[in-house]
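The structure's right below; bear with me while I get my questions together.
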Amino acid sequence: MMNPNEVRDLLERLQRGDLPLEAAHEALMRRLRAQPFEDLGFARVDHQRAARTGVPEVVFGQGKTSSEIAAISRQIVGRGHTLLVTRAAPEAFEAVREVVPDASYHERARVIERRAGEIPAGAGTILVAAAGTSDLPVAEEAAITAEVMSNPVDRLYDVGVAGLHRLLAARDRLQAARVIIVVAGMEGALPSVVGGLVAAPVVAVPTSVGYGASFGGLAALLGMLNACAPGVAVVNIDNGFGAACLASVINHL
Amino acid sequence: MMNPNEVRDLLERLQRGDLPLEAAHEALMRRLRAQPFEDLGFARVDHQRAARTGVPEVVFGQGKTSSEIAAISRQIVGRGHTLLVTRAAPEAFEAVREVVPDASYHERARVIERRAGEIPAGAGTILVAAAGTSDLPVAEEAAITAEVMSNPVDRLYDVGVAGLHRLLAARDRLQAARVIIVVAGMEGALPSVVGGLVAAPVVAVPTSVGYGASFGGLAALLGMLNACAPGVAVVNIDNGFGAACLASVINHL
Amino acid sequence: MMNPNEVRDLLERLQRGDLPLEAAHEALMRRLRAQPFEDLGFARVDHQRAARTGVPEVVFGQGKTSSEIAAISRQIVGRGHTLLVTRAAPEAFEAVREVVPDASYHERARVIERRAGEIPAGAGTILVAAAGTSDLPVAEEAAITAEVMSNPVDRLYDVGVAGLHRLLAARDRLQAARVIIVVAGMEGALPSVVGGLVAAPVVAVPTSVGYGASFGGLAALLGMLNACAPGVAVVNIDNGFGAACLASVINHL
Amino acid sequence: MMNPNEVRDLLERLQRGDLPLEAAHEALMRRLRAQPFEDLGFARVDHQRAARTGVPEVVFGQGKTSSEIAAISRQIVGRGHTLLVTRAAPEAFEAVREVVPDASYHERARVIERRAGEIPAGAGTILVAAAGTSDLPVAEEAAITAEVMSNPVDRLYDVGVAGLHRLLAARDRLQAARVIIVVAGMEGALPSVVGGLVAAPVVAVPTSVGYGASFGGLAALLGMLNACAPGVAVVNIDNGFGAACLASVINHL
Amino acid sequence: MMNPNEVRDLLERLQRGDLPLEAAHEALMRRLRAQPFEDLGFARVDHQRAARTGVPEVVFGQGKTSSEIAAISRQIVGRGHTLLVTRAAPEAFEAVREVVPDASYHERARVIERRAGEIPAGAGTILVAAAGTSDLPVAEEAAITAEVMSNPVDRLYDVGVAGLHRLLAARDRLQAARVIIVVAGMEGALPSVVGGLVAAPVVAVPTSVGYGASFGGLAALLGMLNACAPGVAVVNIDNGFGAACLASVINHL
Amino acid sequence: MMNPNEVRDLLERLQRGDLPLEAAHEALMRRLRAQPFEDLGFARVDHQRAARTGVPEVVFGQGKTSSEIAAISRQIVGRGHTLLVTRAAPEAFEAVREVVPDASYHERARVIERRAGEIPAGAGTILVAAAGTSDLPVAEEAAITAEVMSNPVDRLYDVGVAGLHRLLAARDRLQAARVIIVVAGMEGALPSVVGGLVAAPVVAVPTSVGYGASFGGLAALLGMLNACAPGVAVVNIDNGFGAACLASVINHL
Amino acid sequence: MMNPNEVRDLLERLQRGDLPLEAAHEALMRRLRAQPFEDLGFARVDHQRAARTGVPEVVFGQGKTSSEIAAISRQIVGRGHTLLVTRAAPEAFEAVREVVPDASYHERARVIERRAGEIPAGAGTILVAAAGTSDLPVAEEAAITAEVMSNPVDRLYDVGVAGLHRLLAARDRLQAARVIIVVAGMEGALPSVVGGLVAAPVVAVPTSVGYGASFGGLAALLGMLNACAPGVAVVNIDNGFGAACLASVINHL
Amino acid sequence: MMNPNEVRDLLERLQRGDLPLEAAHEALMRRLRAQPFEDLGFARVDHQRAARTGVPEVVFGQGKTSSEIAAISRQIVGRGHTLLVTRAAPEAFEAVREVVPDASYHERARVIERRAGEIPAGAGTILVAAAGTSDLPVAEEAAITAEVMSNPVDRLYDVGVAGLHRLLAARDRLQAARVIIVVAGMEGALPSVVGGLVAAPVVAVPTSVGYGASFGGLAALLGMLNACAPGVAVVNIDNGFGAACLASVINHL
């Protein structure tokens, strides 16, 4: 929305004779024409998003060439922003490191990152729970994304529901978290169990881990959507990044 | 296979002149023609099945008229066998009661039964665990079927994974069972959890309980097929009868 | 966990001779046997859940008879708790009203409720956005559930993406909400658009509204899982209640 | 249909004795035998199709060898027609260039083309909108196909619904187009939004862009089929060529 | 966009002293606040849509009560617009007739309509082809919708591909149409065949006609999406209305 | 194709002066215009189909009103043809009987028929095998259809693969059949087993019999498509009529 | 079945004293033990199958190593039988040629074959129709399989339904065939059209040709199962071999 | 559960004054805090699982690197346990052999194993039946897993239902087994047939063997879930290991 003070100033200058009518008219009309979208506040959301919510601009690396990723990375860092590239192959990191020498790479999570310090800290801890060792790449994508977004992260791995004692032994850590991300493949039962143990919001991430009738994560996805514990919501299969975004937004409330 | 003694007896009578050649030939050929299937041992399996395994002849009531069910029931009882009708509506029971006055009806399980006492007792207890109250019709179909097949049954209901303490409080009963049937809808996570707590074989029954993305039990079915605990196998959606059959067979080993 | 002071007290009485050894032993062992689940803190979560998170005990009415619903309702109200019954037919309300005379019924949402005042107020406003008029039953289930859980609710209905101006005209309300629930059927595009306009967490609810290739809400579900805006998570088809639970948990952080 | 004048001419020559009866009979029968399909007007559609509709003969390159593509290309160019090869790998272009030296290759669109100038210009502009950068190969296949079919093309890329301001900023271009092709993967929401902003026909192309529950473009396809804006129709996943054909046919009306 | 003359007038009155600065400021700001969406031209699209494209406001009757439909109908007619209600049961028509006495009802198409004459005639004829008699409700929904939108309609019914001679006998009518809507269930093959016979744009409507592996129209939908003729696009299953909208938009170009 | 003798005759009459040129021209052109479809031989296929292949005109009763069915039936019988109505409810038969008094009705098969004697007998016997009693409606639709088409039919029912001895006991009947139709629901295994026992062509009909993961016949359909015996082909779910058509065509070769 | 004469002979020799009782008993029992399966006639079906039906033993090459294929091939040829290997890679042929020097390879069909002359000729011609050039590998697998099974084959390729004139031009060949195999991918419409033109049995083969919503041949498969022409049955996706088996069995009736 | 004797001992020492109150309190509290999960008996299940049920700790090799597999293998062998690695590539065996020199590798089954002798023998024989040669990798995974778990195994391969005589010839072996594992791809019919021949429990394993409409084992999975013989349960596609676990658990009852 055009600034009321700007409008008043313009009208006063016209009234005082400091501004000819044509110039005032043209200035108003130019602003009006440009306004609807530039000034609607949409773009501002983007610019201020990192500061308020802990969600920086992110580069989805899959399907992009190493040089494309490097070029975008240079731009983001050049603007003084935090850099986060997900689904990045090692070769992409080689290319990024040439233009952003102090970027770092998390191999298991396939994440490139360089923090710029502009994101305020989240209010509590985000716990990332993972059912099996094969779920770790997705869990790590979530964990590192959350850390880059200035959230303390507690990792609780290898706590699948077929070995309850390991999960139950960590109930203090579960109950201490402000937001919980649960990553699981196969039957996707972990969010139901965790959701029954805690009062915190639970973001569930199905993974494509499994074979046969897991159908690329479909079994885990359906399982999580049908979770019998309230307070659980689900993101796309293998979408550790998306889960961390939502968790960080909640943790920055 | 035709009995060797019968053959020898026939040959001896022929040799002794007690049996004319034509009569011997005809007797042998008649037996040979009849033999392949009647004597192969297949039919015997059916006739002796109840005695050995605790699986009596069963009537699947769905899609049959009340009078059809009554007619079949009269036949089975007339042969002195145990009667078991599954998926039976109350009207079917009315019809059966007229021809089998001492049959009894389990409304929730939709099962008609009358035991004839010919089935030997199973070796241990079959525990039937159910996740929610909506799963009870299927759980009861399993439980009553197992009882009709002469197995002691322990019912453990309303132990969904979102309220673990109720399930864990019953761990002694779980570990005391020789075979466990787990009935669950929605995400179908209970078999994984139970399978991790016990060493007994677990037969999982997905139910069509749920809505939306449960897709008529598909979510629970896929969840159970992907159960992360070994020693779990799955039957068709809502197939409490089938699960009890398998459990009884195992319990009669 | 057994209370340290109780243990100390018991040991002191034993030491003082006020308690015979057998009695002390038996008391300790009895507590130990009972403890693991009753005292693990799980049950407490349930008992204190309403107070901390705004999620009261809820009755899922679908598949239950009116008299079952009435019986459970009387119990809950008898314990002094807030009553919330979802998927309740008008006849169920008739039955409940006989035992809980001051319960009220929301016809479109199919919700019976009676608030007991024990749930603290949420920190901000939950906005419920719905794409079309056919989505209102689910949206109202979410809105009333959120209200019962002591959250101020802002309803923003009929803002489907094919008429963007209505949605954009409400951007102030969208940006003022602490949590947003987006309810949409058909192609399920609204969460992506809303997610791009706000920094708040977005909980998306696909509905079974549509026909043909909507396949009972599958199209909307898949659309929302693939939402191109980060910070969006999804619950089961038509699960307005579940979305409100999660939103209330977040709003009570 | 055989030409009436030809028949009359033949009969007159027979009547005049200029043509023996056998020759007349044979000529008539030969034409009759050949006629039904060659003269039915079907084939003519094919021959005149390019001139009337802007849809030239096209070569679907996928699954064909480079030499097969080159051979077909030489034939088409030899007949003086416009050449269009879709789904063409760079090696196919190498092979085509040897026989059609002035052919050109669009790498991102995977299209080989050489225009022969016989296609009349379309009546207005075809706008190709694409949601994300990963959708560009399909969008470019559509755009270049439309250009080869003599349509002015306006490209509007990277206007996904999660960043509405970019789309809205181009509303003049959207409203200026005679036909609009909308290319989107993931949740496929863009056609609904565009369809609500314009009065022009919208041809939607789902892409296989996405992962997890996008199921190879199924999510986008279902989303588009359920588009809540009227005036939208859908082609196969990744079928940029088909969308451009339809758009060109409409633009040549 | 705010009218330049209004702005100039306001500025001149301020300059002349006819308008105090506060009043001018408030007037400008009030207009600016209201403007972005009301004046963006979006709403105008809706208001002028009927006049330009032949797509009037439409009421989707399914899931609405008769009295709701009657109320909306009165409003639309009251504004002087053409009324079109699809998926309307006979009872809905009874209710509408009480408030719009000269509305008429097409039983097979389940459409209520009353034309207001404000829609200009389309440029050519829309042909509606249907494969079987069971497809007629959807075909008639399309045909009547197109007629209400001021398009001449040619109905070509019962021309399934298993009896080609009937379709081929109508090739002149097919080739005379400016736009063709093809309605078919079962295997959905008709659009491919029609698309090969004509140069006009083809809008394909799969119907839910069939049984078994037609899976509620899925087979026809997939068949049409894979149509081997270019220039074919598809709308949702049974969506005769949507097809007619698109066809009318094209016919009004 | 126009008859060469007719053409020669016409030309001779022209040559002889028995026919004026205008009349010859008009006669030729009229035939040519009429010819392409009427004379192509397509229509003749329809008219002569019953005589050659044993496939009469059939009325698919589902979705048609009783009076529609009666009207069509009167037409068919009026032309002296065999009448066959499938998927006919008892009420439809009541309506048909009023106009075709000697029609008969097969309740289980839901078939109305009246034979006109014009169909020649098939060369051998068609055996219809059915797995369970619930498959009988489909099996009877096939059997009666085959009988109406003048084929001797051998019914072999209740020979599911879980009781092999019943199937094996009928191997002589299986091997005596010229064509075999196999009807089965649930897992659809019977065609594989039958296909391994005989050398005759096997037409498999999956039925929608089953529950849960039978998914309306999908399991049986997929099972039959993957049959491990060669010489098996499949028709649509519950399509007993279609199977009998194909079997009759084969049996009339 | 054991030969009656053999039994009589044995009994007579026993009666005459030419055969001791023990020897007679042992001979009878040995035969009885061996009989049920060797003599049931099952095995004979296999041994005589080629002679009667034209279906030789076949080797499914996919998933077998070249040396495995070569070893099996040598065995079959060693027994004097016709050799047919489907889904054979060129390397497999290299291996086979070393042990069966006069085997030949059909590259497009991926078939190795060597005929032994023992299969009698089929009664008529099998026509193999294919919609597009990409369907040729499957069509050729069918054609060559049919030829190896001693059937004359007529190939009718590139007759997709979008170019009807090519199909119609071949109607004489279509109507001359005794059995027709129709191979098509994409929408799978060709069998419906062909089935409407001929009275012969039609075996439809869906192919995995296509992309996007063809879902690996699913679209074509569903299309063919829903074919609106009677007398059509379907085999598995890409199963040219299976179609030819069935066609040959029919052609050898 | 904490040992009663320990508690009594502690209390006696406190009573005797051998233990200060603080020390007794601390000791009790330390044990109580540690107890709930360590002492619940869960972990004991794991430790004693091999001894009681014949299910040792297993390593799922898929998705793990060779060095990871080798490291875990060394640990397991170091604890004196039986080693079992499934889905192990030859390279993984190379790595394991360096740290466990006497491990052995089963190439077809892709299993590495080394038995430690601590598992007691099962009570009877486990028969593994497989339909085709392509099912052997899964069948061997099951067979070797069962052997490693100390069960005698009877292998019955290549007994697909299209060649019943081979299966029937082995009926004695089938009826002698205590548990039967049935492995089949394609239509998955074998468990139904086997289940009808025996009284033993049947564990069915669908395999991904097949093509086209087998959809990666889905057809076999659905077939087995719908098996018409009672006493059959199903594990995940290709899950030979899981089937053997369950069979071994049953065989150790």
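Odds and ends about this structure:
We just call them A, B, C, D, E, F, G and H in the order they show up, numbering each chain from 1.
Assume contacts are C-beta pairs under 8 Å (C-beta built on N, C-alpha and C of every residue); 3 or more make two chains touch, one makes a residue touch a chain.
What you see is a predicted model, and the numbers here were worked out from it, not measured in a lab.
Between the contact lists of chain A and chain F, the overlap consists of B, D, E, H.
Looking at the partners of chain B and chain E together, the chains they share are A, C, F, G. The interface at B-H recurs elsewhere; of C-D, C-H or F-G, the pair that shares more than half of its residue-numbered contact pairs is F-G.
Each chain gets one centre point, the mean of its Cα atoms, and the points for chain D and chain G are 40 Å apart.
Inter-chain centre distance (chain D to chain E, centres taken as mean C-alpha positions): 25 Å. Among the residues of chain H, those in touch with two or more other chains are 36, 40, 42, 163-164, 168, 196-197, 212-214, 218, 221, 225-226, 236-237. Screening every pair of chains for touch gives A-B, A-C, A-D, A-E, A-H, B-C, B-F, B-G, B-H, C-D, C-E, C-H, D-E, D-F, D-G, E-F, E-G, F-G, F-H, G-H. Put simply, chain A touches chain C in their complex at residues 40-42, 45, 49, 52-53, 55, 58, 123-124, 168, 171, 175, 178, 196-201, 203-204, 221, 225-226, 230-237, 241-243, 245-246, 249-250, 253.
Touching chain E in their complex are the following residues of chain A: 1-2, 4, 7-8, 11-12, 14-15, 21, 24-25, 28-29, 32-33, 35-36, 40. The touching residues of chain F, counted against chain H in their complex, run 131-132, 160-164, 168, 186-189, 192-193, 195-197, 210, 212-215, 218-220, 222-229. Those residues of chain G that touch chain D in the complex are listed here as 133-134, 163-166, 168-169, 209, 211-214.
Residues 36-38, 40, 42-43, 46, 62-64, 206, 208, 216-218, 221, 236-239 of chain E are the ones that touch chain C when the two sit in their complex.
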